[in-house]
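Down below are the structures I want you to see.
Next come two complexes built around chain A: one with chain B, the other with chain C.
So, the complex of A and B:
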């Protein structure tokens, strides 16, 4: 290890992942807005032949926003604050720096492979795990490289204690690794059919109910270990650092961490309520989902109490606004999810638009807001320039908040209407409505959702513009800000 | 008893065990701080004071040296 003199944190890799976060955020949300519009106006399915249909684009939307936008954000923030909380620079080890750059290069290769293969319709047909086996193997390599970089930095650290945010990132690394490996056990159909199938198309090694259980063990924990765990890690670093206030209770953060780890893994079977999985397993999924409120709210309340006595910052600093709203949406979606997992509620909610409504108040209000806030906080420190425009940030905040509210309220109404109409029977027990009756009734809500998509995407373009201007033409800073990010 | 029932009982008792562990952890956190053995709240400063030249909240090399001296 070199001497401390003139040593600086090296943000090369963090910057690279910041670029991909912005790029994939834009592409993923653009496709999301298009497919939301297709549901309202079906003729939009025929813009680009087979490549523009809802069925082709929907996996692209989910994969790009999860594994492109969110995971890029996780990597960017890790390579930023990982160094800072460990008090060690990437520049101190050529090996770790090489691994970081290789990690980025292979990640981009994987992303390109994913986008091309999904556009071509190559899919293993498992939700959030559509990539075919060669890309699954590349995913494992990329993930292991992240682990090498992370534990490499941890091994070099000066700070003995690992800050709570790193606990969450380690959990993200381990959780996704375990779940991904089990869920993607698959065999190319070529080998399963004595040469009749395709080498590039695979089927799961599990079948029937077992396959569904493994799939939703993964599916729900993709929400846990990609959309929750690292994002909680982000807010535990960025909110204290931006506000200058230490976490309200460090002990509560430790307790919530173990609570979340203990409970989350068991909740996945709530995706299979009223299905063929054993009844006790459905009940377990329900019960653990309800219990999940405790660690989730433990973290969220801890975040809000961090601002105790400092609420004036909410009006002064739009970045604090982003983060406080993110934790509020975290509270909302972690209450809504357990409600949907109650068996009787699920009987109405299952398969309806209330589910994507729930997902999106989480991913738009919580995940996207937190990632964008994190990158805004990092920008002046990485590029040594102040944030280009505070006004633009304020406008973006209100536009996107309106978008999230429009999205989830329209889907609440649509979902509950849909669920009630599907179940409605007349006095003789006949179904009162056909499927197309529900579609007709839901059309206005689908149009509102498409509008919400346009607003959120517009806000994201404002974010991207603000970030790019910050990188290239904003006023240069002579010294690094300690807490509040400077903005023009 | 078939194996599915065993799975159910296994899940229940494992949950119970983990609940006991979790509550034990809460007791440990608060008791060790009350006795003055540990101060968990100081770790919150790791995020606030995170310059590369900042003094670590707990210096890894210093604590390693102390451990070696103890041996």
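So, the complex of A and C:
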């Protein structure tokens, strides 16, 4: 191929992962809305017998939105912009193409296995690492295939320098691989005996306090390397592409990237404040959580300053709005997290609803918004049609923004209320409230949160509808749009 | 240096890996051996208790219940002595949880009884008015997997030297020899229960999930 000829990128695999992003996003958020409603209206626990209780469904919600929705979004965006920033097409190598398709096929198999096994209650009970050992092995295979596809494309590249977004994706690949392997070290009991009991069952290599440390080293950094690192990678690609603006500062990108890599891992022990892990580890977790504000805000400010002098785009392009709001929520969330990691604040916040509140202003406001914006940007270029409806996108934006605000405000109030009530004492120093008092008082906030769930889910359905219409019936484009995505 | 790294993916990846890996080394390794040590007198879980722990994991009780009492007066007043690292030495995995939609359970065995749990798991609001916990009636009919629990006990004995007796061997014969002991433990729990189906099942040599779960919860002290 001549070097000056326009490359025809092959989006087969990117499209496949786009479909699963939409599908898992819907299913994961649907279950999320259901379990949020169960806390407000407990009768909803009995819809599906033993398979429908809050406790059984909660890991399904978390696993589907993390490993279904978000990871699909990471893969979809990778197979899209990976080719473009490396200036190489998937179609140029049969091998990479094959690996990409195999990657997708095994990923779907894994997702199905995950959903079935969690419904059946096959769970290691380690948060976000519930899958039992056969699925853990399949996860490793899927992950390695992604690595092969990524480094395969990198090996063929025409553009020698790796673009910033790829730094983040490489880090995502390595970080998750390391953490996942160590946290899921387990021994299948069937093979450690003469075939006694269930073949699916395994026992953790670590016990008690050590298990907790390894688990939260994973749990916290799964947030780092799934919900932060690749999402920052996305915004570094999609915001300049959609706005036509160059990244504000290369040096700030460097500082933020390497700073984030170094600092994030230390902060895991802030999930274990006041626990039985040694005090010095807890303090390390607190301190590094505070330091983490620097690289997090570094990226976010870099994004906002990229829009310098072009803020008018905010009014006429809803996609810019999604991305700017996403980076704003990223700033909120990465300030809130360190505050909760201060030991005296954590004493109140830990174990309360403030924690899911914090998680969701990050994952709804930052992760979901960014993934949806990315897919909206990709759709006209992959399907060669303009986006079906700008109006619908605008409505979705405001509906979901309202939902996020309702979600975290209600959970802030709920969390702090509960934290204060647990410790309240009367004039004689006796506890003022029995535990159930601190549950019933939360009903209105649980109801508001359920409503927030319904609103966000509705917005997601609007997104899905808009995407599907764009794929099949929107006006066809004759040439690829330069920057702003065309929309009707 | 950074420009050079960006053009050399291999060294870039190595660089990232080095930067992300040593926090874990520094925070996890130094205390590893000490944190594995049990408190004096800690007994490993019986097979029935392990089976109950599996039920606890299967129905994911950690979604709403912690097993970690923090060193605050408000917590020790409510739940008892704050938790010590060595108490968890045989917990694989740890079940501290991260959210208290319901109360902490680390010492629930001190202040709740078999009878209380039986009524509560059948219909929580009838015991605790206003409770939003769902009923777990299926635990009264589902059968607990005691064979897997035994396999787990043997595995941790062989691999991690958890102090189970010499009779714990990975053979089917050893399991068949141990099984009556598990059923005897189950009978003791069932004797304090009133549900007829549960009693019949235990008489017939089966262990309903609720029996194993209560054995585990009673053990938490």
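Note that in this section the second predicted complex is superposed on the first by the 472 of 488 C-alpha atoms of A that agree within 3 Å, B and C clash if a C-alpha of one lies under 4 Å from a C-alpha of the other, contacts with A are read in each partner's own complex, and residues count from 1 in each chain.
One rule holds in what follows: contacts are C-beta pairs under 8 Å (C-beta built on N, C-alpha and C of every residue); 3 or more make two chains touch, one makes a residue touch a chain.
Owing to the predicted nature of the structure, the values given are computational and were not obtained by experimental measurement.
Chemist: For A:161, decide between first (touching chain B), second (touching chain C), both and neither.
Modeler: both
Chemist: Which partner does A:137 reach: the first (chain B), the second (chain C), both, or neither?
Modeler: A:137: touches no partner chain.
Chemist: Looking at chain A, does chain B or chain C touch a larger number of its residues?
Modeler: Between chain B and chain C, C touches the greater number of residues in chain A.
Chemist: Quick one: classify A:472 as touching chain B (first), chain C (second), both or neither.
Modeler: A:472 sits against neither chain B nor chain C.
Chemist: For A:284, decide between first (touching chain B), second (touching chain C), both and neither.
Modeler: both
Chemist: Which partner chains sit in contact with A:246 here, chain B, chain C, both or neither? Use first/second/both/neither.
Modeler: A:246 sits against chain B, while chain C stays out of touch.
Chemist: Check whether A:9 is in contact with chain B, with chain C, with both or with neither, and answer first, second, both or neither.
Modeler: Touch status of A:9: first partner only.
Chemist: Classify the contacts of A:185 with the two partner chains as first (chain B alone), second (chain C alone), both, or neither.
Modeler: Neither: A:185 stays clear of chain B and chain C.
Chemist: Given the touch rule stated above, what does A:258 touch, chain B (first), chain C (second), both, or neither?
Modeler: Once the two structures are laid over each other on A, A:258 reaches both partners.
Chemist: Chain A residues touched by both chain B and chain C?
Modeler: Comparing the two interfaces on chain A, one with chain B and one with chain C, the shared residues are 160-161, 254, 258, 262, 266, 278, 284.
Chemist: Provide the residue numbers of chain C that touch chain A in the complex, in ascending order.
Modeler: 2-3, 6-7, 9, 12-13, 16-17, 19-21, 23-24, 27-28, 31-32, 35-36, 54, 56-64, 66, 68, 70-72, 74-75, 77-78, 83-103, 125, 128-136, 138, 142, 145, 147-152, 154-156, 158-160, 170-172, 175
Chemist: Taking the complex as given, what residues does chain A use to touch chain C?
Modeler: Those in contact with chain C are residues 38-39, 42, 45-46, 49-50, 53-56, 58-59, 121-127, 151, 154, 160-162, 167, 170-171, 174-175, 178, 182, 187, 189-190, 192-198, 201, 203-215, 217, 254, 258, 261-262, 264-266, 268-269, 271, 274-278, 281, 284-285, 288, 347, 350-353, 355-356, 422-425, 430-431, 435-436, 439-440.
Chemist: Show which residues of chain A lie in contact with chain B when the two form their complex.
Modeler: 4, 7-9, 81, 83-85, 87-89, 157-161, 163-165, 236-237, 240-241, 244, 246-247, 249-251, 254-255, 258-259, 262, 266, 278, 280, 284, 480, 483
Chemist: In the complex of these two chains, what residues of chain B are touching chain A?
Modeler: For this pair, the touching residues of chain B are 4, 7-8, 11, 15, 18, 22, 25-26, 29-30, 33, 40-48, 50-54, 56-61, 63.
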